[in-house]
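Input: one structure, supplied below.
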Amino acid sequence: MEAIVFYILAIITVGGGLGVVISQNPFRAALWMVLTFVGIAGLFVMLHAQFNAMLQLIVYAGAIAIMIALTMMVMDRRNLNAIGRFNPQPLWAAMFGAGILADLAVLALKFKIDLSNAGKNLAIDGSNTKMIGDVLFKHYLFPFEITAIILLVALLGAVVLTKKDINQ
Amino acid sequence: MNQLHFPILSLITFIPLMGAFFVALINEKNENLIKWFTFIILVIDFIVSLPLFFYFDPTTYHMQFVERVPWIKSLGFEYHVGVDGISLFLVLLTTFLTPLAQLSTWSAIDKKVKLFNIVILLMQTGMLGVFISIDMFLFYVFWEVQLIPMYLMIGIWGGPNRVFATMKFFLYTFAGSVFMMIAIMALYFLNHHFTGTYTSDMVKLMATPLPAHLQMWLFLAFFIAFAIKVPMWPFHTWLPWAHVEAPTAGSVILAGILLKMGTYGFLRFNLPMFPDMTHAFALLVIILSIIGIFYGAFVAMVQPDIKKLVAYSSVSHLGYSMLGMFALTQVGLEGSILQMLNHGISTGALFLIVGIIYERRHTRLISEYGGLASLIPVFSVFFMIFTLSSIAVPGTNGFVGEFMILLGAFLAKPIYGIIVAFGGLFSAIYMLTMYKRVVFLKVTNPKNLELKDMNKREWAYMLPLLLFVFWIGLYPNTFLSKMRVSVEHLLQQTNRSVKVIDKTQEAQLIKTVVVKKG
Amino acid sequence: MSGILLFVVLAPLIGFLINGIFGKWTKPYAGVIASLALATSFVLGLFPIMSVLHGNIVEHIYYTWLPFKEVVIPFGLRVDALSAVMLFVVTFVSTMIHIYSIGYMHGDPGYSRFFAYLNLFVTSMLLLVLGNNYLLMFVGWEGVGLCSYLLIGFWYEKDTASDAGEKAFVVNRIGDAGFTIGVMFIIYYFGSATYADVFPRAEEVLNSTAATIIGLALFLGAMGKSAQFPLYIWLTDAMEGPTPVSSLIHAATMVTAGVYMVARSNAIFSMAPIAQEVVASVGAFTAFYAATMALTHKDIKRILAYSTLSQLGYMFIGVGVGAYWTGMFHLMTHAFFKGLLFLGAGAVMHSMRGLLSIDLMGGLRKYMPQTAILMVIASLAIGGIPPFAGFFSKDAILAHALEFGHPIIWVVGEITAFMTAFYMFRFVFTVFYGEEKVPGLYHDLHTHEAPAVMTIPMWTLGILSMVGGFVGLHIGGVVPFEHLITQIAPNTEVANEAHYSETVLIGVSVTMGILGILAAWIIYIKKIITAESIARAFKPIYTLLANTYYVDEFVACCIVKPFWWVSRNFLWKIVDVILIDKGMVDGAGWLASRVGYLLRFIQTGFVNHYAYWVSLGVIVLSGWYIVKII
Amino acid sequence: MLVQYMIVSALLIAIGATGVMIKRNFMIVLMSLEIMINGAGMLLIVMAYYLGNVSGQVMFLFVAAVAASETAVGLAIAVMMYKRKGSVDINDFSMLKK
């Protein structure tokens, strides 16, 4: 049962990814991307990462996808669609991609770890969120703050980058 | 061990940094205050460093006045400082020489005075940091830190060709630093392979040297880094450029202290950490040093520019230092360290001397002068004494150092001593010829008639140097007794041979390590 | 006693410091201060000398100067028979010359500087003589060289003087290198440089090869300092200095340091027959060679300089053949009469306003009677006419040379004795006798006898030149001077010592001297044969001699010039600037820029091309890692 | 199951990388980047599960945050480039070569 669900989700995920790469129309690509994100969220649920699954849905499938879509809205649609699908040398790119895949696959096959703890220690009182909160604010407080700064900087960067052009 | 129970070394190192901070707050217009304030900071720094001398325990080779604070725990880096008999006098030389150098700039530097003083203070921190660091990475950090102020000093306040000179100086020494960086990292990881712990503590690294066949590349990498800094022949060509273009204080610090970082590096890294290679490469280094001694003298002889002459003489003098070091005898090594101090004092003083007349006449060409003896006699006397110190006349500091090195080289192999004994001949030729052309003979250039003799400020920075010329010359025991035990220990470390782990065993070791990581 | 001994050295140093630092204020009294310092030193020096005459050795160690691990060099002073003689000569002659200088240097703008240098010189010389180890001797050795440099270049505005000073220092440095090497060998073998450690153990520690090496190295030092062939070239130029300097440094004391040093190292030299042979041969050659150059020279000071060279050669014959006491004996008598000769020449210069050529002088006897008498005395002494001092010492040297089996050296020495007498009396006859060569010159120059402050020291030395040799007389079967010196420096034992009749030897020597005087009398007073006709008859030889064998020219064009040329045009401009700097250093930069230029072609500017490279990197690195773990 | 999960994440990374290299439309390149990051993030979650250590999940939070920032900046660049060039074709963005 679990395996079946996994394969369905995996096919959705990978298929969505392929869709992004293949589609010429960026709006369709965005939809394919959302599909991928949803598939990944499903996989997260299977991995007992309920909090992250929600996060995935909200941040990626929601926020990021919409942000990209909105950005494309302000652009000229015909212009966007007129761009060719692939680069002049798609074969090279595909080859490099296949190379990376081969490398990672070999690594995945060769990878051995101790599985005795699988699925444990992921929740307090059945709540994954609690557990994450606990660890995050006990052990990773400083990186957390840094992340906040990164976000702030990104925000400022985005503003500055776009604003400058408006003035001109 | 810290006999004072007080972080004196950090204090010495960071007083100038704090001073720089406060100088930055002073109004740029208020140049007098800036000069006085910087000078006082440097003097305080010197005074604070004096307890190092008085409380130093000459009976142990262990690091003293140690401070130890974890820095990056997981990697084994520490803020770990201390001095032993080898670095003690270099620290003191630094704190002693910088105030004098700063004093020489009071009227010579007329633009961006504030920035200049800040740069001097920062440089002081960097230089002291190099000499007190026990942690290898800390050493590297300070090593690079002091490069930047020097770069600024030559680049902003230098002579007409300063941009080229700075680029050359910076790129050249930086190229050396890159080799050092690689070697430091390699040393760090290799040490982990063989001992199983990550440490960057130089004392520990000295205690457990690597197998002989792994030492070679590391030795060479460190050798290049330090040989450029020393500078040894044929890595010396940045030196004349940098000296000629640098302002007086820059030359003094460059010659007096920065070059010592190279020789000091040899004493800290190459000799104790790679004992087998030190013996294997000793002949090469000695040959290069001997070439440097003679070559520096020959080329110095024909220089038309006083500063260039003194710069090439540095090549010659530091050749002596390197020779004494790689002779690997007690007296040679002590002589080598003493020669570093002597060179700092004599050559520093000579640069100050050149600065005095440069400030008045704005030229350093020998042919522009002549007959100064009758015009500015006091200056001529000082010049004479430091000239004599530079050519190692007995009774001055130069003689003690050079004789020790000669003797050390001689005891290692008589032929070295015999060859180098004739080096004194050529140093006499170039220094005295220059002295004659500048100070003796008739006054030929009417511009010189206006020259004024040394003023009080100039007296103030020449006299302390004079004191040390004779102190070291007449009673070197003050200095030698403090370095004796440390040098003995260094020599022991250098003379041990490391058992060669056979190849298969080592290959296995590497494999297990890699698998463990995978 | 230790304090007294230290103060012997310190007194002139204090004089130096006073005159050197406060010269501006002490100027009127500089000479008096300096002379007082020296007189103090002399008087105090008599105490240890008396002690030594009673058969003691006075040695005190004051502090440890150089505490190396391998060798410890103390700062200690030692007076034994050898150094007692030197101590006496140095302090006494120096005192006289200081007093003389008060008159001679009067009115010179560098009056106090002059006396400061002189005092410093005496300090160094005393250190050289009294130091109880080789290193301390070396301190003095370099110190006197330095003072010699300063004093030769005293009138630094003259370029000849400055050049001469530098030349002296540099040539001496060649010798110093030899000395250093010798000292290092001594430390290497003995682990000490103190005389008391070295000499008693010399026979057990050294083999003959080692002794030869040490001996030759030390002798190289002596050659430099004592101006033996071929390192003599600085001494004649050194005459550019003020005359008291020539007298004190370049005749009486400093140049004899080499002789002292060889005598001091007798234990080593006695073990090295080859080194001794070299010393004696070089001495003999220099004696002869320098005498030939003195024959034709016209400059009064340079005649004396060549004569000094020649006499130094004699001393080296003495110490070289192994009769160290004779060398020391001649050293002492030479200090008296050569010092006097220079002072006399100085007096002449003083009254002739610095003129030096003998062509301008003649008949000065009328104007300077005292000087004339003193010069005759000194010339008789140097010419080896009994009972003047030089006779005894020169005869002792030559007799020992013959007895110790060096007949050729003896022959050379006797010929040189003839030449010595000849050129000295040539000097005396042309300068003080005969008629005035330039009419009215003396009147224009106000030529007059030197003041008393100059003549009194000259008379003192004159008296010693007359009686100083008597310490070499046989008194009750013992020669007192020989007895004194051989305690410290015993003669080298020679296997088959030859014996000759003393009367014959003395006869030959005296005959040589008288013949020389006679020849000079015939040529320069009677003018039976004129000097010009001789010169014409032997024109090539005369030209060669008059130009001092062209040695200075040879050195200038074959050693100095090429050396500078190579340094400037090859080492600096080609090796340093082009090969190393342009070639290696800038070449590395050039190479980097070339490589960068090539790499520019993969910078297409298309983002996806960069992505290709990144992926390639990832693939290769992770692939390598995978291969490693499989 | 571990291997399968890892293969999925490897596929995502590879697809994302290919997309970055192959696409001309800058917007799609950005999307591919997101997929790549998600692939990596997924590996974190997988490892958190199989090692029984929640730290991996926490790390994913940070990855998400960084990804969000990256998207924001990337989009800003896209907008700016679009304004300058009137296009989001990366072949028009060859300004790295002067």
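As written, the chains take the letters A, B, C and D, and residue 1 is the first residue of each chain.
By definition in this document, a residue touches a chain if its C-beta (ideal position, glycine included) is under 8 Å from a C-beta of that chain, and two chains touch if they have at least 3 such contacts.
None of the values given here were measured: they were computed from a predicted structure.
> Taking the mean of all protein CA atoms as the centre, name the chain whose own CA mean is closest to it.
B
> For the chain pairs A-C and A-D, which is connected through the larger number of C-beta pairs in contact?
By number of C-beta pairs in contact, A-D is the larger.
> What's the distance between the Cα centroids of chain A and chain B, rounded to whole Å?
Once rounded, the distance between the two centres reads 56 Å.
> Between chain A and chain D, what's the gap in Å when you average each chain's C-alpha atoms?
Each chain reduced to its C-alpha mean, chain A and chain D end up 6 Å apart.
> I'd like the Å distance between the centres of chain A and chain C, where a centre is the mean of that chain's Cα atoms.
Taking the average C-alpha coordinate of chain A and of chain C, the gap between them is 93 Å.
> Could you give the separation in Å between the centres of chain B and chain C, each centre being the mean of its C-alpha atoms?
Centre separation, chain B to chain C: 38 Å.
> Could you list which residues of chain D touch at least two other chains?
Residues 17, 21-22, 91.
> Residues of chain A that touch two or more other chains: which are they?
87, 92-93, 96-97, 100, 104, 107
> Which chain B residues reach two or more other chains?
In chain B, nothing touches at least two other chains.
> Which of the chains touch, listed as pairs?
In this structure, the chains touch in these pairs: A-C, A-D, B-C, C-D.
> Can you list the chain C residues touching chain B in their complex?
Going by the criterion above, the answer is residues 63-71, 135, 138-139, 141-143, 146, 149, 153, 156-157, 159, 162-163, 165-166, 169-170, 173-174, 176-178, 180-181, 184-185, 187-188, 564, 566-568, 571-572, 575-576, 580-581, 584-585, 588-589, 625, 628-629.
> Of all residues in chain D, which touch chain A in the complex?
Touching chain A from chain D are residues 1-8, 10-19, 21-25, 27-28, 30-32, 34-35, 38, 42, 45-46, 48-55, 57-58, 60-62, 64-73, 75-80, 82-84, 86-89, 91.
> Which residues of chain C touch chain A in their complex?
Spelled out, the residues of chain C in touch with chain A are 608, 611-612, 615-616, 618-619, 622-623, 626, 629-630.
> Where on chain A does chain C make contact in their complex?
Those residues of chain A that touch chain C are 87, 92-93, 96-97, 99-100, 103-104, 106-107, 110.
> Tell me, which parts of chain D touch chain C in their complex?
Those in contact with chain C are residues 17, 20-22, 29, 90-91, 93-97.
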